[in-house]
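This is the structure I have questions about; it appears just below.
Going in written order, the chains are labelled A, B, C, D, E and F, and every chain counts its residues from 1.
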Amino acid sequence: MRKALSRKLAIYPGTFDPVTNGHIDIIERCSKLFSQVIVAILINTDKAPLFSVDERLTMLRSVTWKRFRNITLDTFDGLLVDYAMRKKASAIVRGIRAISDYEYELQMALMNRRLEPRIETVFMMPAEAYSYVSSKLVREIFMLGGSVKGLVPVVVEQKLRDKRAL
Amino acid sequence: MRKALSRKLAIYPGTFDPVTNGHIDIIERCSKLFSQVIVAILINTDKAPLFSVDERLTMLRSVTWKRFRNITLDTFDGLLVDYAMRKKASAIVRGIRAISDYEYELQMALMNRRLEPRIETVFMMPAEAYSYVSSKLVREIFMLGGSVKGLVPVVVEQKLRDKRAL
Amino acid sequence: MRKALSRKLAIYPGTFDPVTNGHIDIIERCSKLFSQVIVAILINTDKAPLFSVDERLTMLRSVTWKRFRNITLDTFDGLLVDYAMRKKASAIVRGIRAISDYEYELQMALMNRRLEPRIETVFMMPAEAYSYVSSKLVREIFMLGGSVKGLVPVVVEQKLRDKRAL
Amino acid sequence: MRKALSRKLAIYPGTFDPVTNGHIDIIERCSKLFSQVIVAILINTDKAPLFSVDERLTMLRSVTWKRFRNITLDTFDGLLVDYAMRKKASAIVRGIRAISDYEYELQMALMNRRLEPRIETVFMMPAEAYSYVSSKLVREIFMLGGSVKGLVPVVVEQKLRDKRAL
Amino acid sequence: MRKALSRKLAIYPGTFDPVTNGHIDIIERCSKLFSQVIVAILINTDKAPLFSVDERLTMLRSVTWKRFRNITLDTFDGLLVDYAMRKKASAIVRGIRAISDYEYELQMALMNRRLEPRIETVFMMPAEAYSYVSSKLVREIFMLGGSVKGLVPVVVEQKLRDKRAL
Amino acid sequence: MRKALSRKLAIYPGTFDPVTNGHIDIIERCSKLFSQVIVAILINTDKAPLFSVDERLTMLRSVTWKRFRNITLDTFDGLLVDYAMRKKASAIVRGIRAISDYEYELQMALMNRRLEPRIETVFMMPAEAYSYVSSKLVREIFMLGGSVKGLVPVVVEQKLRDKRAL
């Protein structure tokens, strides 16, 4: 019955630099819809991140720990679909905030389907309060000295304050 | 364990006037992702359909019968979310072909979430070969005397020819 | 000094069939930005409205009365820019919910500017909670027996219930 | 050498109810790019047009006559690609004003390619001054008593005045 | 009555590297709609600009000087809404050229509203002749040796020629 | 009769780093629609390409050689419209995959028309199987160790394998 079980596993991939309340909103929705969800941090060696992979993992753990029983955390590099196949996932979940997002996401999903037709991409919609919240915007506001209260979990707010104090 | 089971039921609603190969593509993807899927024909008394609800149900049955074990067919009227709640569904599935589709779908999904937050809308993507196939386009081509071969199942092609012969 | 004064008058036109909380959100924003605002109901004789112009005016009056000091109500037919010129307005205000909205609005604004270059169109954004609320959606939900609580003012909810009781 | 010649024929289809300056802008561009262009009026028996097919043909003739040597006028019904094949055309030309236009046009072009792969659809862009001018907008402004001067050729302006006088 | 006065101040922010005729078109429209407008150059220390902040200020001054009585120039860094609050502005004005522009602008406006709800963002539309003119495109054409005549004020053309001569 | 001949020459410009099956699909369509087509590689000295201009030219030659009689290859730098004028072209061809593509393309086309009104830009649509294939995506998949089989010609696949072996 391996197939039946694997059918219920979804991957929610991202850079999560840092995790936002919009991400957590999607994680919560996934956790209700799928039996098992892996939140998978992409290790992108090209870009200089604000937070290290370890810091991102720690922040994600502190906000998902005990709150969602069927969520596990992981990191990956290489092709997303290869990772998803190794994990025997049936779906990749993408949160879509805006139309322009969606077009890029659709192209990636078509490409991923071509690379691996057994993995389905499903799109989910965050609460409209988070429709404009992205990690990039959070980083920009932080850089300009603005408050990100309400956009990110408290633990991320604290970590950002620590970074600023340095 | 009722909750756990109901978590796996998805509704794929539509008018299916007539069912196209694009719909069947989405039905197949749903059938792999969810434990149970109800393909639900909206009874829209306002518009004059090409096919009656009974004809649409018959065509859908002939193309899903035996092919998908976890698909059932149904009809509904009234609010989609009320129907989904009565069926104890966890998700509404919408196939999205194009960007303009998506914006309308997103507004409907936000509204449905407001009417009933327990039902999640997930978006799935048909194969790109069906990205432009809609029931409306099929009806238009049929009206103008064109061939809809490859756009709809053979049984629908035959039914359309019967309609033309009248 | 007539010119200086007229520079502060804005027109917020619409069918308001019925007025929604999204409209009221925009009216409130206009009322803060402009010295004087006319909320102007378009008398469209072609379409069969849900509410008569008188009913719409009554509902708008009950929700703006005493709440906004610099808002007046009016009705108009014919070209919007002709009406705006007669009122010596400097701006037409349009609320934009979504991208697809925006493209149509942009075409109308370009056309209105061509018909009358002295009237400027400005676009304002409702609170994201109302990003999907339109009169059309409110009418549809009402027709299907759903609740529009929170989407429209209480007075509109009551009027809709009265209509249903008939 | 029939094939070589037919390669240069393009069809510019539309309802042209009435022809606008935006249409003429595209006709002029086509006339420079292709050896031969047929401006083809779609006979759409469903909709109640403002002008009869004969009136539309007369107006088109008066604005293209002598001005473009390689333009001919025609009418057609049925499928556009069937008409294009009968005419041995190599291309269908579509003017695109806006993004929302484009998405619909792209779906039609994909469908037309599927119905007849030998006919290519090419998209051309009118001058930005005409980016918002459509037959529909012209009809609306006319109905509301506004001036369409500069949006349509003088002969169309005159015909609209005649209609109003009736 | 300070509040009443402050209600009429708008900020038109940008990098203006360099100012284009599209910017000036928006400045002129703002100057008619608001009592007072501050054109505010964002000091972005991250990016290597083509012109220094001083050069940009000089060019802006030479094109707005005496032409608009109610326009003042300024520079700012940090969060736009913090700057707007210090200036007691009621509105931020953004010119929107295209749909893709608009989506980004809408996300920024939602974020700015969240950071400071007392500042409203209003969107204005440049003349269609400037719908494709951006500072970025001007810089690119200049780099490739093309003429930017008609896209920028004469003073900017001259400054660009000076840069090229170096 | 020089003008008549030049009327049939089209330029298909790009970086082709590397050429994809989507590019070849457009080249084939151009080759049927125009008498003569120049596939022109933009020499962009700013960006670090994956393949040198010579390598790109070699790959393009091997896939177009003998297959299309009316295609020639070239390289250019500077403004595209200046190059097109020197070649006495009448049209620039752009393939459009997606809506977001299209908006950027439309802005470039409007700018190019302003720089040189005698050159027309026409948009063509690749087969839907290539709607998501871009050189950028091909490079990304290659970098992550994925297979680009079916997305690019065999010769490009081989060249990519050679690069990886280094």
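List of remarks:
Definition applied: a contact is a pair of C-beta atoms (placed from the backbone, for glycine too) under 8 Å apart; a residue touches a chain by one contact, two chains touch by 3 or more.
Computed from a predicted model, the values in this text were never measured in an experiment.
In terms of the stated touch criterion, the partners common to chain D and chain F are B, E, listed by label. With centres defined by CA atoms alone, the chain at the far end from chain E is B. Once the centre of each chain is set as its mean CA position, chain A and chain C turn out to be 39 Å apart.
Chain A and chain E, compared by their mean Cα positions, are separated by 35 Å.
Multi-chain contact residues, meaning those touching two or more other chains, occur in chain A at positions 99-100, 103, 106, 110, 128, 131-132. Interface note: chains touch in the pairs A-B, A-C, A-E, A-F, B-C, B-D, B-F, C-D, C-E, D-E, D-F, E-F. Interface residues of chain F facing chain D in the complex, by the touch rule stated above, are 7-8, 29, 32-33, 90-91, 96, 99, 102-103, 106, 109-110, 113, 120-125, 128. In the complex of the two chains, the chain C residues touching chain D come out as 78-79, 81-82, 100, 103-104, 106-108, 110-111, 114-115. Every residue of chain C that touches chain B in the complex is listed here, in rising order: 97-100, 131-134, 137, 141, 144-147, 150-151.
Of all residues in chain A, those touching chain C in their complex are 99, 128-129, 131-132.
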